[in-house]
Structures are given as C-alpha cells and as structure tokens.
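A, B, C and D label the chains in the order they appear, each numbered from 1.
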Amino acid sequence: MTTHEADRIRYRPARDELAYTFGGRMPVVHVRSGDVLEVFTEDCFGGRVRGPADLPSQVCQMPYLNPVSGPFFVEDAEPGDTLAVHIMSIEPAREWGVSATFPHFGALTSTSHTATLQPALQERVWMYGIDRKAGTVRFQATETDHSVDLPLAPMIGTIGVAPAAFEARATIVPDIHGGNLDTPLMQAGTTVYLGVNVHGALLALGDGHARQGDGEACGVGVEIATVTTLAVEVVKGVSTGWPRLETDTAIASVGCARPLEDAYRVAHTDLVGWASEHTGMDTLDTYQLVSQAGRAPVGNVCDPNYTVLASVDTAALPGWSPAYGGVHARLRQHATRSR
Amino acid sequence: MTTHEADRIRYRPARDELAYTFGGRMPVVHVRSGDVLEVFTEDCFGGRVRGPADLPSQVCQMPYLNPVSGPFFVEDAEPGDTLAVHIMSIEPAREWGVSATFPHFGALTSTSHTATLQPALQERVWMYGIDRKAGTVRFQATETDHSVDLPLAPMIGTIGVAPAAFEARATIVPDIHGGNLDTPLMQAGTTVYLGVNVHGALLALGDGHARQGDGEACGVGVEIATVTTLAVEVVKGVSTGWPRLETDTAIASVGCARPLEDAYRVAHTDLVGWASEHTGMDTLDTYQLVSQAGRAPVGNVCDPNYTVLASVDTAALPGWSPAYGGVHARLRQHATRSR
Amino acid sequence: MTTHEADRIRYRPARDELAYTFGGRMPVVHVRSGDVLEVFTEDCFGGRVRGPADLPSQVCQMPYLNPVSGPFFVEDAEPGDTLAVHIMSIEPAREWGVSATFPHFGALTSTSHTATLQPALQERVWMYGIDRKAGTVRFQATETDHSVDLPLAPMIGTIGVAPAAFEARATIVPDIHGGNLDTPLMQAGTTVYLGVNVHGALLALGDGHARQGDGEACGVGVEIATVTTLAVEVVKGVSTGWPRLETDTAIASVGCARPLEDAYRVAHTDLVGWASEHTGMDTLDTYQLVSQAGRAPVGNVCDPNYTVLASVDTAALPGWSPAYGGVHARLRQHATRSR
Amino acid sequence: MTTHEADRIRYRPARDELAYTFGGRMPVVHVRSGDVLEVFTEDCFGGRVRGPADLPSQVCQMPYLNPVSGPFFVEDAEPGDTLAVHIMSIEPAREWGVSATFPHFGALTSTSHTATLQPALQERVWMYGIDRKAGTVRFQATETDHSVDLPLAPMIGTIGVAPAAFEARATIVPDIHGGNLDTPLMQAGTTVYLGVNVHGALLALGDGHARQGDGEACGVGVEIATVTTLAVEVVKGVSTGWPRLETDTAIASVGCARPLEDAYRVAHTDLVGWASEHTGMDTLDTYQLVSQAGRAPVGNVCDPNYTVLASVDTAALPGWSPAYGGVHARLRQHATRSR
C-alpha cells in the first residue's frame, strides 16, 4: 500500500509484494531526489516466528527468508551515479523482537560452506520484549531464569540496490551492491552511499534489528519489523564502488567478502582511497593515518559474505572536505525539518 | 542458429545471443532427455583477443566477459530433479588459443577482494598455437625465445543451470548451480550432474580451455572457442546439491567457496555423503576411506569462488552401486553410438 | 639492571638482554605473587628507527625485531595455573613514537604468506610527537603539510608466557600463549590472564604503542619505548586456554588465528564458555546473549596470526560472579595503593 | 641406538630419545655430506595405538604426539646453505598401519581453531593390514563388512630442520622449516631441499604413512613406523626459503599457511621464482607457463598450517638447467649404488 502525502511517501507491502532478491524485480513505487519515504519492513522471518514453538526451519520456507520492501525506483538515478540514502528514523513496529539459532547457520557452528560431518546445534527461539520508552530490549534465557535489559539500538540489516552485470542476488547476501550488511552503524542519523547499477537504482530494505552484537555470532539479531523513514538523493556523475556510510562525525567504507580479512582489506582500501581524495594526502600518508586512527567494526560473520567496516572520524582527517558535495549534511537538515 | 538434425541439435549463437548470466535469461533452444546437442562456444574474451596488442581490459567491456551459449530449456526438468550432462567431445574451433594477465585478477596478485594498495601486474597476452593432430598446445614466451609444447587437453570452464532462490549469477562465478568451475575434469567422457532449480533447468556452457594448470594461477587458461557435443538426460525425482562428476573410473564432488579450505570441505562432505549412500558404509567409515583414497584436484584459485574437487575411484569403494541409476554408462554408450 | 625496592622491582634490560622469543630463554628476574614490577620496554625496532632516513629494513636485522623484556620467573606458577597480570600503568619513555611501512608486511599489501608477484609498497617512516600533558600523539604527513593530533592511548602490543609443548615462538607471533596480540585493550587498568605452561610461567612483554587503529592496518602502530608497571598474581589450580582480559566493566577473550574468522570463532567460543561458567546459563542461552550484547574488537590483521577479541560488559551478564576468584578487583586495589 | 657401518649410519631411537619439536633439542648423531642414513621412525602415535580399543586421546598424552627421530647434526651445514635430503627408501616396519578420528582434529570437523559449539565426532580407530609383497594396504570398515585393498605408497609425513629466529616448533606444525608437511610426494626417489637456519641444520623425520589421500581429510593417514634411508648433502652458499622437492621428472615448491589459498600462493610464487631463475624466462612468462602446465597437489588440510605444493614437470620448462648444481641426480645415483 502506497500513500503520497504532502511531506512523504508511505509504503507498506502486502505479503505477496515482499521481495527476496536485489535485482530481477519490478519497482513498487517511484520516488525522486529529495523525497522522504516511510517504509514498513517485515522481520527476517516474515513475521512468522512469534514464540518458542515457531522453529524457523519449520515455519519458514526457503528461499522465502529475509524479505525486503521495495524496490523503489529513484527517477533520476542512472548507472555511474551514487544514491545517497539518509536514515531519518527506525521505529520498531511491534512490542517484541525474536532471535534464534538456525541449523548450520552462524559463526560458532559448521555451515553449508564450512561444512563438517557434525550434526547441527539445537534450533531454539528467543523472544525479546521491547520497551521503547525505556529504550531497552529484554533478553530472557530459555533454560534458566536469567534475564537482562540491553539498550535498544534499532538498525536496518539489509539495504541495497540492484546489482551490476545483470545479476539478481538473494537478500541474504551482502556484497558491493549492499544487501545483508548487518552492521549496527546502519542506524538513524546515518547516510549510506550506494553505487547505482541500473536505471532507477531499485532501492530496497528490510531486516530490522532491535540490536545486534558485533558479527551477529549466532546468525540472527534481535529481529523486528520496523517503520523506517528515509530521505533519498541522487548524486549525479559520481560513482561509488563499495557501500559507504557517513554520520555527523565519521565516515566508513563497507567490505563484504570471505575470508574475513578480505572484507577488512576491501573496506580499508576503499577508506584509504576515499580519505586520500578528500584530504589531499597521498596514499601512503593516508594509509598511515588510518592505521593509527581507524576503527574496524565487524558487521556479520555468518552471512554468505562477511562484513567489516573501516571507519575514521572526520575530525582525525586534516583538510577533510565534505564527501559527495555535502549531501549528508543537507539530508540531515532536511530530515530535521521533516520530522 | 539452431538446426535440428536426425541425430543431434546444432546450436551456434549469434554474437548478441551470448549470455553473461546463469538465470535471468530466456531459453534459446528446447531439448529433451536423450537429445544430443552440438554447441559452438565462444572463448572467454568473446573472441576479441587475437594478438599481443589486444589487451583484454581494452578490447573487452565489463560485464561482457566469459560468454556462455544457451540457456537450453530441458523439457522435462523440474526443481528437485537432476540434470545429467555427458560431455561427448570438445573440439577446439580455431587453430589458436589465448591467455593473458588481467589487471588485479589471478592467484598471484592482489585483487578486487584481496585488495591492497599495490599497482597491478603488467597486462600481457600470450598466443598459443594448437596442433590438433599432434595433440599439443604451444607455449611461446613473450620476452625471450623459450617455447614448449604441452599436451592438448580440452575442457569446458563454465557450465551450469539457473540458480535457485530467483538469483541470476554472472558467468564468472562458480557456485552450487555450476558456472565457472574451471576444472580440467570437465572434459570429454565426463558426465556432470547438476541440481535443477527451475522448470527447464536452463543449461548453458562456454569458456573452453585447450588446457589449464591446477588452480588457473594467472586467472586465465588457454582460452578457446569450441564445438562441444553433449548428451543430456533428466534424472527425475533425485535431487543434487553441489555439482558432481562421473567418469568411467571415478566420481567427484565439486565445492566452490572462499576460503579455499571451505571449497575442500564442501566437496569432501558431499563426496562422503554420496559414497556412503551408494556403498552402504556408515559416514565415519566412508570419511576414513576417502581420507586415504581420495584426491583433491584444485580447479580455480582466481574466480569469485574458488573450486576444489573431491574425487575417488569407484574401484576403491567397496559395494559401490551405480550413481543416478547408471545414467553415466547409458549416456556413454549413447555417445559412442552417436559418434 | 634490576633493583628490588620496598614496593616494587624495577627492571631495565641491557641491550643484549632483550629477548626475541617466548620460551627458550633463561629468566632475568624472579618475582612472586603480589609483586609489583616496573619494566622498561624497548620499541619494536629496538630504538633504532629515529628519523625518516632510518628505514627499518636497513637499520634492523632479522630476527632482531620486536624485543621483549624478560622473561620473569614467577615463583609459584606451575603448569595448569593461571597467571594474572594487572597493568597498572604504561608510560611512554620518550617524547616521540615512530611508525613505518615495512616491505611486504601489513594488511593492505601482499606479504610473505599472501604472496604475490607484485613489488612491495614504498618503505617509509613516520615520526610522531608525544605530548603527555595534552594526552596527544601528533601525526605529520610526509608528503604534504597535513597534521593532526590523535588521543594518546598507550598499550602493550606484546605480552605472554612460555608456550606449551616445548615450543619457543618468535615475539612477532600472537598465539594461545599470548605474544604479539596487538590489541588496544592491553592498557592500564586491564588484567590479562595467561595459562601457565612451564614452571615459573616466564612472563615477558614489550612493543608499546602510543596508540593504534583496529587491525594495525599498515603493520606498525605508533611504536614507543615504555616504562610499564605490572602487578602479578598466580591463580593456583585454575587453567586458562586462550588469553583473557578483564577490566572494571568488561571481560574479553582473545583469539589468534588465520583466517580472521577463525580468530573470531576462537575468541567467541571461549567467551561463551567463560560467561556460561560464571553465570550459570546454558551454552546456547549464553551464545544468544553474546550474539546480541558482544563486541568484537579487531586487534591485528598483519601478524603471523590475526587477533580478534570477543568482549561483553559484565553488566550484561545476569548472575555474573567474579572471574578467577576476584583477582582483578584485588590487583586493581593493590595497584591503587602502590601508586 | 646408532651404528656406523661401511656404507651407512643406522639410527634407532630409544623411546625417550624421540623428539617432539624441531629446534630446541641436542643432536643425536653427527653426519656429513654424502652419508647414507638409515633411520627407524615411530608412527605418529608413538606405536601406542594397536587396536580399535586404543583411542588416541586416551593412550597418547599431549604433547607427546608425532615423534620424530633426530635431530641429526650435518657437519658442514651453516645458515644460508641448503640441505639436500634424498629419500632412498621408506620401508614399513610393521605388518600394520593405523588411522583414527581424533576429537576436533581433521578437515570435516570443527577444530581448536575453526572453533564451534558442536560436540566432537566420534573417536574411532581403523587398523590396516599391510602386504608389502602385494604392495597393498587393506581398509576394513568398522561398522560393516566392507573392505578394499589400496596401493601401498609409503611416504614420510614429517621432515624438517631447526627453524630460524631461535624458534622451536612442535612436530605437528608444517612451516618454512619443513615439519609436518604431510604430502604423498615425500616418497622414495624424491630429494627435498631445506634451508639451513642453524649450524648443523638439525634434520629430523618421522610420521610415516603407508598412504594418504589428498589433504589427509580425517587428520590421520595410514600411520606406520618405518625404516627410512636417506642420503644427505649440503649445498654450500645457496639459500632456500620454503621447502622444495625434486624427482627425476618434476620440481615442486611447498607452501604452508592458512587459509589454504595462501599455501597455494606461497608455493606458486616460489615455484615461479625457481623456474624463472633456472630457465631464464622472465617472471610473467614463467607465471603464464606454470598457470597452464602446473599441478597443485594438496598436502594436508588439517594441521596447524595447511600444505599445498606447486609442481611442474621439468620437461615443460624450456631451457631448464639442473637445480642446486645437479645434486638430485648425484644423490639418486649414489642411492642406486648404495642399495
């Protein structure tokens, strides 16, 4: 369901509108630069896991996992441009979140690719209570009485555009087109830059998490449906390779690869190039500075590609000039006005 | 161009019929179980690299690399079936083959994913003379007078079906649907088993090599156009995960993954399961036997996923009963009659 | 030079006392549980790189790199015990620090093991000014005028004990015995737990950094000589596998391995076990909680093994009982009194 | 027990003479260039696993696994030289061999480093009958009646010298000093070249296998005690990095690393350099030729480092001049005379 209002476009997918790939799908809504888009996103289980008895491998059917809302056709986006997507807010749509162990999926189990002859870990479901006022997520152990409140820190796990080279990729995959990046930095206040590969870019998103730890060790965050509000802008004639993030204080490049060190290499090589270009320092000077000032938050160590970010505070970059013509600041201000 | 003759279907793609993905394409020809299919395949450069001055990065345009011929719609193939493809012959279509170093591609260079700040190796082209009578491929050094004849050993680098989960994958990628496996075992006399994911299977192939070393270290084999003859048969109601090969004396499972040990794990886990099923030995006994009798030929260490095979002689498998109902022997005989 | 004073033992190695292995060395000083030890540590270049013209590969000689001070024989430490080492303070010993690119070493270059045919990056030295009052480290670009002050955050890069299994390991190596862990969490206020493998434990340390980024991308931090003050205590009859850290608010397990995901797996598996043991939650409940509450700071992506930590706040662990009998709190208090 | 006879030195270690490290040990025998050395080697379990009830984790005690015989002090070997060791013969010393699954060790299980929360595979022992006349090894399943004869193909799993940099390494480790390479090419007729790191080289060997598959998937070959006969020669003033092998028809470089692709890169980079030096072809021409003519036999995918070889027939190397001054041919002839 799409509604076009004065200040925003609201989109809520019917169940059969949910998408399971980036690429290979017709757009559901057309938007243009400057539009604010309010999107309902389902959780990674399509909302089907609602209690301990709803084992994901039983109530979900492959490949109908990790649905995204979209794709959105961005009218002036052409291959070679960059799509800037500013995340204005991510609101949990329900009072609960859910996590699980999924057979042969996660960092501390053998998997379909790190294949062993061992049986899978037990499949189990954890329900989390979300208290939006208190800003907490409640963990409750399944076998004992232990419980604890953790900070609510909503994020979008999966966001991306149609891939290049005529590919269509399952939404479970993170790669150069975005997708299942699973990084906590994809939160309100962040702008993500995605290279446009096809006319219209075909933006889609989903897989909200109330929070997740670094690497999403068990393979599943605190999965939630969300209402997520975005402002989009096309940066014409500026291309982007790997996804990049910008906040008010920092920039980050995203690398997706296996083994994990290659994700680190991709992200850091991109960040060094980006920082070098916008400071005027030579490559090795920038490499040196990033080596001492950089952070490397781990996104996921469970998806088909692993995700690591390379990040640095812009205050640590002497001579830094705003990236992408200052689009982050502009969208940030826009977002403030629209709220 | 397609011709239907008494004993075979001949297909030669026009240039604009070449495909660059598995999945996401309409079929070019319909075939059915038992058909013999003679296919012209272009080389991985689309035939554009014909001498030392034709640098691939200049004469080829991304993503128009590694074209395949097809896809072929196999009429009775349904998801959950297995497509058996017997390679009857692979004939080099020209008197020459070509190899190259391609910037930031290959095993002994940094790449787009094993990203470093180092400049690329020099891009260079090597032309090989093919002597079909002598059965040789002539290597000629570019900087010195050194030359040597190597055995001609034609193989198909890329063969596969449409992927599952609504995906479309670039032909450069090897994965569970097949694709750019780049293994020398994909030669005349081999039957490959591919799990069917979509109605019609959508088989395609290309990327012939006059020969290649284990791992295709520089990223490029001795690339040739070919005329390749196949016999296809659908094995109904038997599913297959990773690609499997069968010859008159051996079976092999294919694993595609990064890091390379995961390709090894995938292939060996599959082979242990396959051998266990057809011998009646328990899993650990089979694991033990494969550990002592198995081979692990390395396919590629340069593509987006690396490829390793796990192989064992059927003579080393006590109680071995023919795989897939003996389809290999049947197609082999069929092939002999059709020649 | 060793002096035994009322409240502490001071040790300053002569140049020829510096050690280049863990294991395989005679102890330089004997200490016992409760002792405070003030140690001078040289920088990773043995103090030989003092300006841009001092290229490490020229002024240093393999294997005389990354010297450590020690080993210290801890009198009551026996195999099967745990050595708790509380870092009371790390003081830079000079007004400057130094970093460099070293040929074929670092994360964004091919290396001796990620071997390629490409030439090395340029070897270059960066000198950093250290302002202890301001608490800053000054980066100065070498090719342009760019400079920036970064926070001073002293840490010990290399600390460990003699390995098990009669091994002696070069100090450049991080592994289960500790060694070149290169994690910023090895700072004042942290207690590190090391499993004792030989009588006397044979503790040694060195390789101070004024600061480093996550992963130490270029392979070298802001290298400094330090005066580091430690309090040691043997935890009898409690064994430890991989190194563990404790601060006033968090615990962390260290994993050292290649590929990087194995370091992540080692660290997280250990943390799950540790947290499960001290909370009484079952393994899967703990796995779930760590998956949502855990952090995974990257130590190094350049050394012979890579280092990742798995960390969680003790406040996020319901029912947490102090680790190792509360030795961290005890040493912390001890440290406060000794200051 | 050592006996010096006219044509050879015979050495049979007492149980307490067995060594568990390379480096950190006093030599047991002195030899010199040209000597023939006949060595008894125990199996990797120290001969303690003799039937299905002898579970390795119970009858063996860490770290007393994988014993080697030696070290042998080679009198004229100095750092910077190369030690050439020609394997004249490997005779099984008993009528049986043994294999096993060992908890959390092997390629198709989680391990200490590819750590997961899954329980270990069942520990089980397989006994093999060795028929030296028939040249066979008999596999017998443990759960069913299946059995099969495989070719007897004796090899030495572990051979090496003292490491550089004052290190001592457990015999389970393969690395640049040799050690637990676990490659079937270490067979009679092969010459191995090892770089000398310490005065006397300190050669040691053990861990015979009656045969093994590529990668030694379950972590254990068909383990045997052997009587192995070697001829040694020091190649003065020629240094060697990674271990190299030479047979009558081929050369090979050994790479040991994780992930497995790094072992491939190390081996192939070394082979390209070696072949380039001895043919006079430039690096890229050699890279190209090895890419088409090379083989990459997988050694082990279970040890602390994985092992891959890069190999090429000398007949495929135009202008090839004998390596190391023709020492292989000389020792080969010597071996023939001594037999």
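The rule we apply is simple: a contact is a pair of C-beta atoms (placed from the backbone, for glycine too) under 8 Å apart; a residue touches a chain by one contact, two chains touch by 3 or more.
All of these numbers come straight from a predicted model, not from anything done at the bench.
**Q** Please identify which chain has its centre, taken as the mean of its CA atoms, farthest from the centre of subunit A.
**A** When every chain centre is compared against subunit A, the largest gap points to D.
**Q** Name the chain pair with more contacting C-beta pairs, choosing from B-D and A-B.
**A** Contact tally favours B-D.
**Q** Can you compute the centre-to-centre distance for subunit B and subunit D, using the mean CA position of each chain? Integer Å is fine.
**A** From the centre of subunit B to the centre of subunit D is 33 Å.
**Q** Calculate how many whole Å lie between the centre of subunit B and the centre of subunit C, each centre taken as the average of the chain's C-alpha atoms.
**A** 48
**Q** Rounded to a whole Å, what is the gap between the Cα centroids of subunit A and subunit B?
**A** 35
**Q** Two or more other chains touching the same residue: where does that happen in subunit A?
**A** 108, 114-117, 121, 258-259, 265, 268-269, 272, 284, 287
**Q** If you look only at subunit D, which of its residues touch subunit C in the complex?
**A** 20-21, 23-24, 62-63, 112-117, 164-170, 255, 257-259, 262, 265-266, 268-270, 272, 283-284, 287
**Q** Under the stated contact criterion, what part of subunit D meets subunit A in this complex?
**A** 108-110, 114-121, 259
**Q** Over in the complex, which subunit D residues touch subunit B? Could you list them?
**A** Residue list for subunit D touching subunit B: 99, 101, 106-108, 121-122, 124, 126, 137, 139, 141-144, 146-148, 150, 211-222, 258-261, 264-265, 268-269, 272, 279-282, 284-285, 287-298, 301, 306, 308, 312, 316-319.
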